[in-house]
Structure formats: C-alpha cells, structure tokens
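Order of writing sets the labels: A, B, C and D. Residues in every chain begin at 1.
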Amino acid sequence: MSLISRTTRGVYTIVPTPFHPGGALDLDSLRRLVDFYEEAGVDGLTLLGQMGEAPKLTQAEALEIVATVVARTALPVVVGVSAPGFGSMRALTCEVMSLGAAGVMVGPPHTLRTDDQIVGYYTEVGEQLGTDVPIAAQDYPLTFSVVMSVPVLTRIAREVPSVVMLKHEDWPGLEKISALRMVEAAGEMPRLSILCGNGGLFLDFEMQRGADGAMTGYCFPELLVDVVRLAADGRTDEAHDLFDAHLPLIRYEQQPGTGLAVRKYIMMRRGLLRADTQRSPGRSLSPAERAEVDLLLLRLGRLDARAVSP
Amino acid sequence: MSLISRTTRGVYTIVPTPFHPGGALDLDSLRRLVDFYEEAGVDGLTLLGQMGEAPKLTQAEALEIVATVVARTALPVVVGVSAPGFGSMRALTCEVMSLGAAGVMVGPPHTLRTDDQIVGYYTEVGEQLGTDVPIAAQDYPLTFSVVMSVPVLTRIAREVPSVVMLKHEDWPGLEKISALRMVEAAGEMPRLSILCGNGGLFLDFEMQRGADGAMTGYCFPELLVDVVRLAADGRTDEAHDLFDAHLPLIRYEQQPGTGLAVRKYIMMRRGLLRADTQRSPGRSLSPAERAEVDLLLLRLGRLDARAVSP
Amino acid sequence: MSLISRTTRGVYTIVPTPFHPGGALDLDSLRRLVDFYEEAGVDGLTLLGQMGEAPKLTQAEALEIVATVVARTALPVVVGVSAPGFGSMRALTCEVMSLGAAGVMVGPPHTLRTDDQIVGYYTEVGEQLGTDVPIAAQDYPLTFSVVMSVPVLTRIAREVPSVVMLKHEDWPGLEKISALRMVEAAGEMPRLSILCGNGGLFLDFEMQRGADGAMTGYCFPELLVDVVRLAADGRTDEAHDLFDAHLPLIRYEQQPGTGLAVRKYIMMRRGLLRADTQRSPGRSLSPAERAEVDLLLLRLGRLDARAVSP
Amino acid sequence: MSLISRTTRGVYTIVPTPFHPGGALDLDSLRRLVDFYEEAGVDGLTLLGQMGEAPKLTQAEALEIVATVVARTALPVVVGVSAPGFGSMRALTCEVMSLGAAGVMVGPPHTLRTDDQIVGYYTEVGEQLGTDVPIAAQDYPLTFSVVMSVPVLTRIAREVPSVVMLKHEDWPGLEKISALRMVEAAGEMPRLSILCGNGGLFLDFEMQRGADGAMTGYCFPELLVDVVRLAADGRTDEAHDLFDAHLPLIRYEQQPGTGLAVRKYIMMRRGLLRADTQRSPGRSLSPAERAEVDLLLLRLGRLDARAVSP
C-alpha cells in the first residue's frame, strides 16, 4: 500500500469510530462509512485520532478497526499513534504499519515548552519509529497546549527525515502556512505536505495560502473534496460560494467537545451510522442542540442539495 | 448616569483604542467612533477591555479615554478594570465610577482553578469594589484559562450581589446559557444579564438560548444590533439570513491575535479611525491578510449594502 | 493477596524499573530490589508509577514486571494504571488484579479543571474498573496540573466507594491533611488512607498532621520506615533528628526530572541495580551532579551509618 | 546611586511589605527592616516583587515604599516592575529610577511559549524601558509558566544589552547555571550576574556552580550572607554545615502560598515587623503551622544561636 509523502495532496477525512448503542464496536457501520468516503471522493482516511475516540479503545479493538478499514479500501490510511510514552507508541506503530497503514500521526505531549524540547521530541519519535515510517506531525496548540513556531517546524522538517506531513491546526494559522512555504521556497527546509484541520473553518483561505488539502472530519466530506478541487482548479469564487453555504454548520461543528456529537448525529441522520453513541466519557446532542443542527441542515439544504436528508 | 443591572439588554460594543501612527492617543477618532456607535444603535459601550489594548495604556491615558467617551455620549459605559491585584483595581474603579461609568468588568486571574478559588475571588472583588459598583464577570476560558462551571456561576450570582452581568464567552457555551436560565427559573439564583462575546460567532443561537444581547467588538456593530433586535422580535429566519451573510467575516475576525488588526483595518477603511495602529506589542495586517479581508468585504457587500466602502 | 483499604498504613515504596545498559528489562535487579525493600521493612510496593517509567514500557513488559514482583514477595503491590482513556486503563487493571495486585493508582488527566469534572472523572473510574478494585487517587498538582480541593476529595470519598486511598502530594499540603482528617472526624466523609509522596520532603510534619505513611521512592527507604515508625510511637524528636540528617539528600532528589537519575545512581552505588540506565527519554547524572550526590552521601554517612557505601 | 551590572555579586534580599493589622502601610517597620538588613550584611535589596505583595498596592503606595527605602539606605535597590502591559511598566520604571533605584526586575507574562516569543518580549522590554535602565530577568517557571532554555537566555544576553542580571529560580536549575557559565566561557554570550531565588533551597550547590549570590527572602538573611561568603572564600564544608542547619526551615518556608506567612511571622517574632498582616488575598499561619515553625526555630537555635528569639 502506498505511503504518505511530502507531496501528498487532497482530503484525508478523519473517521469516527462507530459504536452500537451498548458501546460495542460497530464494524458494519465502519465499513459503510468507508464505502461512503470512497464515493465522496476523498483521497485518504485518518483513523484513531482524538475524534476517533482512540483512548477509549483497547489495543485489540484499535487494531481490529485498522484491519477492517484496510481490508475494505485501497485508500491510504493514516493512523494516530500518540501515546504518553514510546513503549506503546512503537508497539502500535509496528502493528498498524504491518497491517498496511500509509503512515502514522503523532501529536506532542502537553508538557513540551521550549523549541529544543519540541524538536527533541520529534527527533526521538523519528528514531523510535524507524526511518521507514512516514509521520504526520500534529500542530494543534488548542488541544495539546504546545506551540510549534515556524522555526521549530523548519528544524523538524530538516532534522527528522521521516516527518513528511504537517497536520496544520494552529489558530490562527494562515500566516503560518505562507511562512512555511516561503522557507521551503528559500531552500531552507524540505517540503512538507500540509493538510489542514480545525474542522475546516479556514479551508477557503488555507488553500490559497499553499495548503495541500484538508485532514478533518466535517460531516460533509463532499464539501471538503469540492473546495479542495475548486481551489486546485483556480475556481476560487465557486469555492467560496460553496464554502460559505456550509460555514454556519462548520462553525457549529467546530465547538470543542460538541463537534463529535454533531458529526455522529448527522452521520446517523445520513444513514451511515446505526447509532450516534460515544463511549464514555462522551455525550450525545441535547434536544436544543439537535433542533439547532436540524435547522442548520434545513437552511443548508436550500443551497446544497446534498444536505437534504435521504 | 444609569448603571448596568440584572436586566440590561442589547448590544454593548467593545471599543478599540485609536492611536495615531506614532502611538499617541487619537481622541478625535475616539469621538468619531462613539458617534458612529450611537448612530449604529448600540445600547452601551465597553472600554479598556483586552481589545481596547488597556494594558498598553498608562493609568492617566486610561482615565482620559473614559472621560472623553463619557463626555461624548449618554450611552452607559462599562470599563474593564481587571488587574493582577486589588490595589490598582480598586483605584481604577473609584476613578471611572466617579467619572460616570455604568459598571466595571472583571476577568479572573489565570491562576484560579478550583470552584472555591473562583467564587472566593469574585467575593473578594465584590468586597473590595464596594456594593454600589455593578460588576460584569468575564467568563472567557480560552483567554483566562479559568473554567467557570454552571455551579460556580450560580454561587457567584447568589453570594456576590454586585455581580449583575455575565460576559459570556465560554466555548462551547450554548448549553451553558440554557443551564443558567434553568437554574434561574428554578429560583435557585438571581437573574444575571448575559451578554455574549466570542466575536459574535454564535450570536444567532445564543439569542435563542436566552442571552440578553452581545458584548463584543465585531467591526459591523450594525449587524449585532440587527441580529439582537430581530431575535427579540421573533424574526429568527431574517436574523439567521443576515447573520450568515456576515459569518465569513465574523469567523475571520475571531482569530486570536489577528482579530484586532482586522477590526482596526476595517474601521479605518470605513473612515472611523485615522490609522489602524496598535501599540506594541501589536501588529497590522499582512498584505495577504488585507487581500483576504478585502475579498470578504466585497463578497459581504453583495448581501449587505452597508459593507460597501463609503 | 490482601487489598489496600481505608486503614492501610506504613511505607509503600515506589519501585523504579531496572534496565540493562542497552535498555532491556533487568528482572534480576528487580528481584534484588524487591528483596532489599522487604529487608528494609516497607509495608508495600508501588509499581508502574511515573518514577517506574511506565509509559516507556509495552503492555507486555508492564505485566512481566508485575508478575515478577508478585511472584517474589508477599507484600501488597499497588500498580499505576493511569491512561489517557478507559480502554487501556480497564484492560491493564483486569490483568494486574488477576495477577494479584492489591489495588491500582490513578492520576487525573491534565485537562480536568472544575470540581464537577474531577469528581465526575473518579466516578467514571470507579464504574469502569468495578467496585471490587480498590483505588488510590493521586493528588499531584505539580505534575498533573489538576487541583483537587478538600471539598472535591470529600465528594470523591463519599461518592466513589472504591477510592480508599489518597496518594497525597499536593504542595503545600500540610493543612490539607489536617482539613481532611477534620472532615472525617465530623462524620462527613469516610476515612481515606493517606500516604504521602513529594519525595518525602515534608514527611516529618505530615505524620503529625495525620498521614498514615509514605508512598514515595526516596533512595533510602529505611529512612521512610524509621520516620513513620518513630512518629507512630510518638518519638517525634528522634524522627526529626533522623529526618533532618537525610533532608539535604531528600531535597536534592526531589528535583523534577533529576530525581529518578539520583535514585538509580544511588541504588546502583548501593549494589541494588546493575545499571542506572533510563529508557529514552531519560538521562543519567552529569559528572557535576554525581560529585554533588557523592558529597551528600559522604556527609550523610557521618550521621547515618547506612549511607556509607558497602 | 550605583546600578546593578553584569558583575553584581552577593545577597539581594527580597523585602516584604509591612502592613499594620488594619492593612495600612507600616513605614516604621519598613525602616526597621532596612536597618536590620544592613546590619545583616546584605549587598542590596529587592522591592515590590511578588513576595512584596506588589499587586495589592496602589501605584502611589508602591512609590512611597521605594522612596522610603532609598531614603533610608545607601544599598542598591532593585524594584519589580512586571506588569501586564508596557504602559504601566514604563511609567513605574521612570518613577523608581528617578527615585534612585539600581535597576528593575521583569518576569515574563504567562502567555509566552516559544523561544522567539520570549526573546521578543525581553527585546521589547529593553526598548520600552530605555538602554540606561539595567534589567534583571526573572526565570521562574513554577510561577510564570514560562520555560526559558539556555539558548533563549543566551539570545537575550546577546540581543538585549540592558538585561544584565538573571534572577535564577528555574527548578531544577543547577545544570542551567553551569551551562550558562560555559556558554559565557566560550565567548558566545556576555556575562550575566546570576542571583538565585527559590527561597535558597539549593544555594549550597548553586554557589559551586558559578552563581554570584542569592536574591531571595529567607527569614534569616544572615544565613544567605554567610553561605555566599563562605562559598566565595572556598570554605565549602562550613558553608554546607551552616546551610544544612537551616535547611529544615528553608524547606518549610519554600511552600508556595505559605512562605510569605512564615516569613512575616518569624520577622514579627524577631521584632522586625509590628504585625504579620498580609493584605487580601493573603493569610497568616494556622495554629498548627505556627507550632511547626516554632519547633523548627527551637531546633535551629541549637545549631545557630541567631535563631533564638531575642
């Protein structure tokens, strides 16, 4: 199976983990999801991120999910392997790479502060996981409390050859994309594939700034695919029009702690998930939230027919 | 001058502090701003918040700003007095109340953690400032790193009579508004006026949840006024339509650290500020950002004629 | 095997994980350590805490360590099972309890802030691990960034029956012990066993305040055993004299990030560990640090003959 | 009056702010304290640090304190001017320098994270305060949540000429002193005066590592003076003996939030302060704490006659 690289482009959708109402893994829904993503035209999948409720799974379950997805699709699959220590990170990485993953994603532990600490951490990750495993570094200060400056990312790109991708979700982050592309253009760092997260909230402009695509879990991956393709084709007005139509929902979905409940609810409404269950700790939408999401879908449906319930 | 109270409603706009290009206070622009806000129909003004660059001012300048604004308008004026200790907080409060402020706003120091610490802090604030000074408590975890739960806010509302208003910018925060209104309805806490911040990003739904209005600095206060009034009149569809037209810009403006530069740039473009200067540490928009904002204004102008440059 | 309970007393020593210079587990040294602790008179052992480098182990290694220790001694063994999610926490708990552990230790995730969040977390831990697994809650704000107030601990003690022990390492913490004992005396919470950490830095006074003993890894467990017994016998002057003799070293060992290197170095010097190796990320003492520790041992040896190298 | 410089050595004691029981400034006690410090042989004084309860003072009170001390003694006086913004920092600095201060001390705002942010902040401080005002940079991660690595301090020393002193209270910090001295010896940064804080907890070894002295507020400044002089004279055994005798109390005093109450209590016992009052928020010792401190003094008195109450 192909690996992620410095030139990877497109949409890697973050896959939620489907559960039965009682909490057991729902692999049927998972397969249905995978088929749906393929039809939606995504370029890859990301499993076992925070949105995938990875910490709530046993290691056996985590591997079962990866095996199920890899067996179902030829799309490249990135797997989140962040862990408090290298013992389990290395073990999990070995397993998923041998199952056929295209790379792994690693976020920094929340205790890192100085530039040297952060660069040192990714250097260690690179050594521990081995030079043949491509890594996506996750730059998400809001969640990890770790601020990765442009000089830090430059150093990581230069010093850790296996870090080939940046999952970009700094906030604000537009200037950062431009700055990284300028450092690359000056020949001072090797190219990184930059896929943007943050729920897609700034995807319209991120593509203009030089991002390669999106890696996020918005409940309409079709929108992400369209915006990335329209932007790639230079059809920016159309990209903005479509993006703006979805923005009220994107904005709603991006609320921390609420977003996953919104996604699972909508994916249940779209017939993809049997249930919107989260394992504990987790929650489902309140009646008021459900009404708000329903209203947002209704309003979206006027502008994008795909938002109308089947 | 009237004081803020538990039943205050409407839009309190956060006023940026205008500077000349060299960094001196620009009181002419400040007066022009005040006139503009009055015409836009806001219900009050908030001075010396973080968006007002308060920490960059000397105490003398801070008082000059309050005096200038109070002399210019009969609108109620809330003044931010957050400080690392009670010495300067009490001194500043005395001064601004005697100048005619309608109340003060206080955010929690970032070191507070437990419920008792937070309640204890606001109890102390109430005692230090005196029972006749109405206080708006600022609930903004993203900036202050202090999480104020519904039980904590309930206790503050019950135990500190002078806290009459909540500047609500928890995120996510919709359920919190509903929860507070339910606790009030159950007779377990006195009513708080709830004005919402967060750049207005959720104002459409916050009004439905029971908020009394907005306290934020979006560069088109007319939009905030319209949404609050349409919501109050039950014209929610119109409120959503107008809100959604502004959402791409609201979203852009809400980027931390960038927002103020966007606001000052647009207010300069609108002829309200002579310059978009921030005192150091501060920044102005990059050329790329300026182009993005210009595009957002152009697109907004198609839907809301007020966004077209004069 | 006996389980920890609300009346557990004495010294539970934190066991470091011995590695060969190349990084492989050194089970011979581990068995030697266990024998040494028994001879030193400790009342129990704690495995797989942060000082045990738990995150650097694979799950298989972690279980091998527990099995080795349990096979070697009849002392009760508490096992650290903190994890970012309940999936692996529950799995590890099942395994170690079936191997014969006396209970598990759980620290809070660093994201918890409000009283309700912390109580809710331990409630969930209690439910996930099952009512028959006794839990030691770890109160260590310096490391976990979670502040557990007396009201919070009171609620946990009341609402989560399986939390029977507090690993107390708040700082400062003396008043907290007194406060908890007063709440117990007032009949408002069930008794907790309180074992103190923080490297033993306040053990002299903690015993006077009502602690039941120590749970820490000071490199001379004999000192911990003596201080706890002398305090229990009311021989406080002797306790202070002995404690003060060790304080320069205790103080030195308590430096975050350095402490484990000191412990492993001294235990190697004492002939207990074959090597002072830490797995990466880790470090050994610099030459300057080694000279400082040697000086401290030399000076200590004048007052406590056991500190003289064999 | 002389200014602090890159070669400043000795003991700068942190002066607490004396209050009458009702909370008013007690300038008589302040003068008595200053006389006492002079007799104790300190080399300088530090005012308006966190231990000086600076945030609880109005600006007028702060200046009154500086004026009172400067009028009483010829010792150099460093004044803490940390503030949330440059407006008040610059104003306060102007005032205290014109009153005759020897320099100012500035800690970093808690929001700084990356290397560039920290260096940028001190660069800005240097520009705002002017090149003729010598600055002590405060490196105290435990309180400020800002981690200043050796490369960061090297850059500050190189790029900000007016930063001449490091108030060193990183923890652990011994290796850091050695590392900084090595960078200096390699000619890669100008010399910094390094005065150590942390309540003196590691002063015995800090002097060996190359520190120039202490800047802290331990209640027996005589001990700090002795240890620094003995170390300077190469009489390290005597230094350790004396230091170890005080360590139980130093350790007790270093508890965050408790330390100031211990200091004020002991200084009241020593006849230096009329009252141990702290302004709110603050606290005095509980009866149990007072008994513990009394015991520590009693035990210390056996080894150092100066600890016996007058």
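Throughout what follows, contacts are C-beta pairs under 8 Å (C-beta built on N, C-alpha and C of every residue); 3 or more make two chains touch, one makes a residue touch a chain.
Small disclaimer: the values here were computed from a predicted structure and weren't measured.
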* Asked: Taking each chain's centre as the mean of its CA atoms, which one is farthest from the centre of chain B?
  -> C
* Structure fact -> Between B-D and A-D, more contacting C-beta pairs sit at B-D
* **Separation of mean Cα positions, chain D and chain C [Å, integer]** => 33
* Structure fact -> Cα centre of chain B to Cα centre of chain D, whole Å, reads 38
* Euclidean distance of C-alpha centroids - chain A vs chain D, Å -> 48
* Which of line, ring, star, complete and other names the graph you get from chains that touch? -> complete
* **chain D residues touching chain A - in the complex, by the definition given at the top** => 113-117, 147-149, 151-152
* Asked: So in the complex, which bits of chain B are touching chain A?
  -> 171-172, 174-175, 178, 201-202, 204-205, 208-209, 240, 244, 247-248, 251-252, 255-258, 286, 288-289, 292, 295, 299
* **chain C residues touching chain A - in the complex, by the definition given at the top** => 53-59, 61-62, 83-88, 90-91, 110, 120-121, 124, 128, 279-281
